[in-house]
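There are structures below to look over.
What follows is chain A paired twice: with chain B in the first complex and chain C in the second.
Moving on to the complex of A and B:
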């Protein structure tokens, strides 16, 4: 036997369990100790590290994947053009499971362990609301792409920003006149039973009232529901418009069952694209949607009047004219929302360069520089359209698209103006201490 | 909507839920009854059935009914194979120890779920129903396919009952369930029976999933609800009792449909869970189960 000393025989080595445990504990302590992470002292040449809180798993997973693709494309474009103030940008991705508790953990991890410069990228409103306190405690700027009204409500804290996508209150306010004038005056609302849905529940009725229309019923559906027919009898018979906004994996079932319930004698339908993000509108059972209208943040289908910037953005992210991944027509994107990641990263670039940002010690300067921003011109950095930014409520304002389902595609029939979506600020983050 | 049609719609919805639930829970109940194993991964076999149904039906072109029929045959067989391998690779090595197998099946749950996320993706994908006939009632329209699911499930339940009570295989399974040692003493290859039962249990879940997937799409997290509801049904119905499982499934399905339509879906879940608690307190063996000797 070659192994005379029992070198390879674990039972004969002197490594006792206690020694092994000590070793593991020491190793773990070392890994957790401050200063273990490289670049804890940012040098001018070190990359800018952006913590990306991604919905890789859980009900937001389809969005998470496309948010990652878009952000990766934006980071590549920024780096190819010289980075932020000459420094390379690097994304550090952590999965939050589309879960508020894990979201807060992830923000803590970015701040304490990865020591990223900022945190970025969250969509689902309950995760944003759950994570925002952690961002405030760690004093780390938190740039979300969520479209909920929570940031603009000034109920979060000074470190939370939403500069790349408009909020629900503004979206509703700018579209209500079109709904009242073109779809109908008696509206039944169907929305998910959590924060994002409550924005719709709370802001649609006053917005429609101002246009002489009424919300006659509001139906809240749990976000994990998988079957919807049981809710439809609650829709009053005199309904002229069904206003639907659903999220999660069962959205297609929702639309299909609505089709089975009503057949061709349906009320007008006005939906938020959230009801069908990452879903092919030509899926079996969706013929029923033909002729209905949708809100779109950024149009899924290429439009005849697309700007050069919009075309370049679509090519960079890798989506074709139908809004699906280039080379895989079945892999439909979340085009209506994901542009916000692209635009937010360019806002971060602008704010960091304005602030002369060097490293985590300059985070407060970055907050102030972001608050000082006023407007973003339409162009390669803001392909969805021009925007204004209100530094007091940390929220941008922009145009909305209303699209009609026609011949298996979505055609933009109306674009709102920035002014349509402006409202009185509900507070002022800049009065909070940094 | 008036009370009559409203109740009719609630009952129809409840029946569809019951039909799918009965098949899924029957699979869980068989495994539970014969092997004394709490299969926490049961919902993932359900999910796997749906995901495979999507893969098979998209791979086959032509009329949607052809793809669906192929999925109805192939998907359960593949899921059965996966379950068979899992039984051979994991459960057998643990000597079917009740505690260890719970932990092992929890592990299987995560492995299957994450593999589905990796290879299938996070999207919910639809399968075209074999036919899309819309039954037009005076008050509302209803999917003809949904009603056919109820019929298909009823036929499958009758077949399972016939196999269990009228065939030699069924007798062997019942003998193993009744007393493992005596069965072995009589020359019954208990391990092979176990492997077979575990595979069949998973296949029943897969069939239920293929039936439901044209109604609700395939998604990698879809196994959670059926697992919970199946446990509720098995506990109420009684361990390893086919009749109990079916009665409990109809009870839970209908009450879920009716309560969630007239009150709220959350109340339906509260009541179902409360019923489980009551059954556990006052009749631990379930409505139709036999008390342990």
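Moving on to the complex of A and C:
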């Protein structure tokens, strides 16, 4: 790299008084430029800019793509209906690489460079936790769609919200009554040996205990494992239900080897759809799952009793009856989670309108208005189902679906109640200063 | 490398520090924050450069030293409620001790074996962080609350979440490490390290204890990288296992190669360059890592000694 101008040669970098004055003059000129004036005068009609922290690359890319599709559909629906308080909504997208360090930079970029009104859309827990300090320091509301318990744990800060998807603690707790009553009372858990697995390891046993059932064995599998057969002899013979939450590319091998281990005589199987998001349930090797049950946030397959709102949501996002992209059956969606983007954007709309939000100077009002929300009725804005919202822990609570694999499709066989997933708050964000 | 008068060399480095100081007042908000992060991570690269550039030991495990500092500082604040200065010191000490232990074992090897051994130690460290998730937060990590990132010295209170305080803190650390590094590489010790890199057998024959010198370099390198990690935890409020992953062992190597190995200013230039290429290109395409890769290939082809290394080779032979 020839560098005859000395651009990279810092020894030639001198800051003379004249240069410094030129720089200051240029900066002042920029701040007073006509574009800045026009923007501030027209702020009341300028679009509301939502910074979308997207997992475009990295481990979360499959989710990120569908989160973008769903958010774009929600923004279009909101704009077609008049926007937020009469102002159009605009998504500003930045890739966080599914990396917490980059995630924090992206939040800073939204707050300081793009000057978005809020930040939205993060899924992976480590990115949420890594980005939360930046949101708090910039005092920019940060609406995540992560399902992690981190928001409700009140370990983050007052600017972080999760109003569009339930958290994993609530989901697990909601599953326990059905498992105990329908699948069996002696449960063996198989989970990945990292945080997602630990949530299930820690929250399921007390929830089952309350229903008169027991976890009789917990088998943690290292995330680097690619073959699972050696773990299966650890499953106690009296096991009535295997509760599995393996995630990642090894899931297909896990299911195939479990099938080979048990043959046709197997205990009941219960899993979380996180294992198979964006994966075709009819993929070779998954035949063993036929007849087993899964938690689903929002059903992947269209159901006979789908509400008009659910049908409209699916059409708007562009997923067919099998939960794949319209026109591309192999492009399977992340239906169990992505609805949270749609619903979160409608919560943002409601909170902004309640707060009389005009611009970044009203962010504190927006936080308080969001905290004041209590419930969201099922309908076009909340097609997954009704929800309540606890403003103290910034977390919503809703219904969950239990689906059975039948004939290569997932059929919803049970819907839980909101009350099944409620738990005692672990703190109170509203006591923190704004 | 031609020798320059100390005054000229120190003037250049103090000039760079002064320039960074001045940038605090002219950079837009976002870039001010980004520069703070870059300076903190440039310290990581400087620590890596001390071992890789001057001793010629290519480690693939420096993420463990960075994260030893990160967790040493982060966990003492999070679990023990320590103040910022004590936590920072704890982080540096953790990194230095870890480097001493790893150095004693890994320096029995050299070349490719040294790379593999350091990588394996780093992997053990990474898995230990996941294993002790109840304390470390595992792969999700921990947030250091804003209230825990405030400290006072001599009655004056400093809030590390304040952009100016954060920038100046990162600059202070960067400046200290830069000047210390410069002093080290110009010292007798630094000359011995370079001699080891050029011909270890001959250095040994001349009567130098090469193992002791290499061990001292590993410990100094580990302590500097840990200082970077400790600063990162306290300045940005997040402690997570991804900083201990192999990616963060590769990154300082890339920053140093890009900026110029065995140059004191190369680590800063390399970190700055990589950060801005990523930041700018990610706004246009999700294939930004491809662009970063192409930039690296072009550099290898046309400036194999890195940016500062090429400048030294072609124009300024006296650069340290």
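Assume the second predicted complex is superposed on the first by the 373 of 434 C-alpha atoms of A that agree within 3 Å, B and C clash if a C-alpha of one lies under 4 Å from a C-alpha of the other, contacts with A are read in each partner's own complex, and residues count from 1 in each chain.
One rule holds in what follows: contacts are C-beta pairs under 8 Å (C-beta built on N, C-alpha and C of every residue); 3 or more make two chains touch, one makes a residue touch a chain.
Here the structure is a predicted model, which is why all the values come from computation and not from measurement.
With both structures placed on the common chain, the touch criterion links A:249 to chain B but leaves chain C unconnected.
Looking at the shared chain after the overlay, A:377 reaches neither chain B nor chain C.
In the superposition on chain A, A:198 contacts chain C only, with no contact to chain B.
In the superposition on chain A, contact of A:148 is made with chain C only, not with chain B.
Of the two partner chains, chain B is the only one touched by A:279; chain C is not. Looking at the shared chain after the overlay, A:57 reaches both chain B and chain C. In the superposition on chain A, contact is made by A:227 with chain B only, not with chain C. In the superposition on chain A, A:125 contacts chain C only, with no contact to chain B.
Taking chain B and chain C in turn and counting the residues of chain A each one touches, the greater count comes from C.
56-57 are the residues of chain A that lie in the contact sets of both chain B and chain C, per the superposition on chain A.
Across the interface of their complex, chain B is touched by residues 56-59, 61-62, 64-65, 222, 224-227, 229-233, 237, 249-253, 256-257, 260-263, 278-279, 283-285, 331 of chain A. By the touch criterion given at the top, residues 1, 3, 8-11, 13-15, 20, 23-24, 27, 56-57, 94-95, 97, 99-101, 104-105, 108-109, 111-113, 125-126, 129-130, 132-134, 136-137, 148, 150, 155-157, 193-195, 198, 223 of chain A touch chain C in their complex. Residue ranges of chain C in contact with chain A, taken from their complex: 12, 15-16, 18-19, 22, 26, 28-30, 33-34, 37, 130, 133, 137-146, 161, 236-238, 240-243, 265, 269, 279, 282-283, 286, 288-289, 298-299, 302-303, 307-308, 310-311, 315-316, 319. Put simply, chain B touches chain A in their complex at residues 1, 5-6, 9-10, 13, 17, 64, 117, 121-124, 126, 128-129, 132, 134, 136, 140-143, 215-217, 219-222, 225, 257, 260-261, 265-266.
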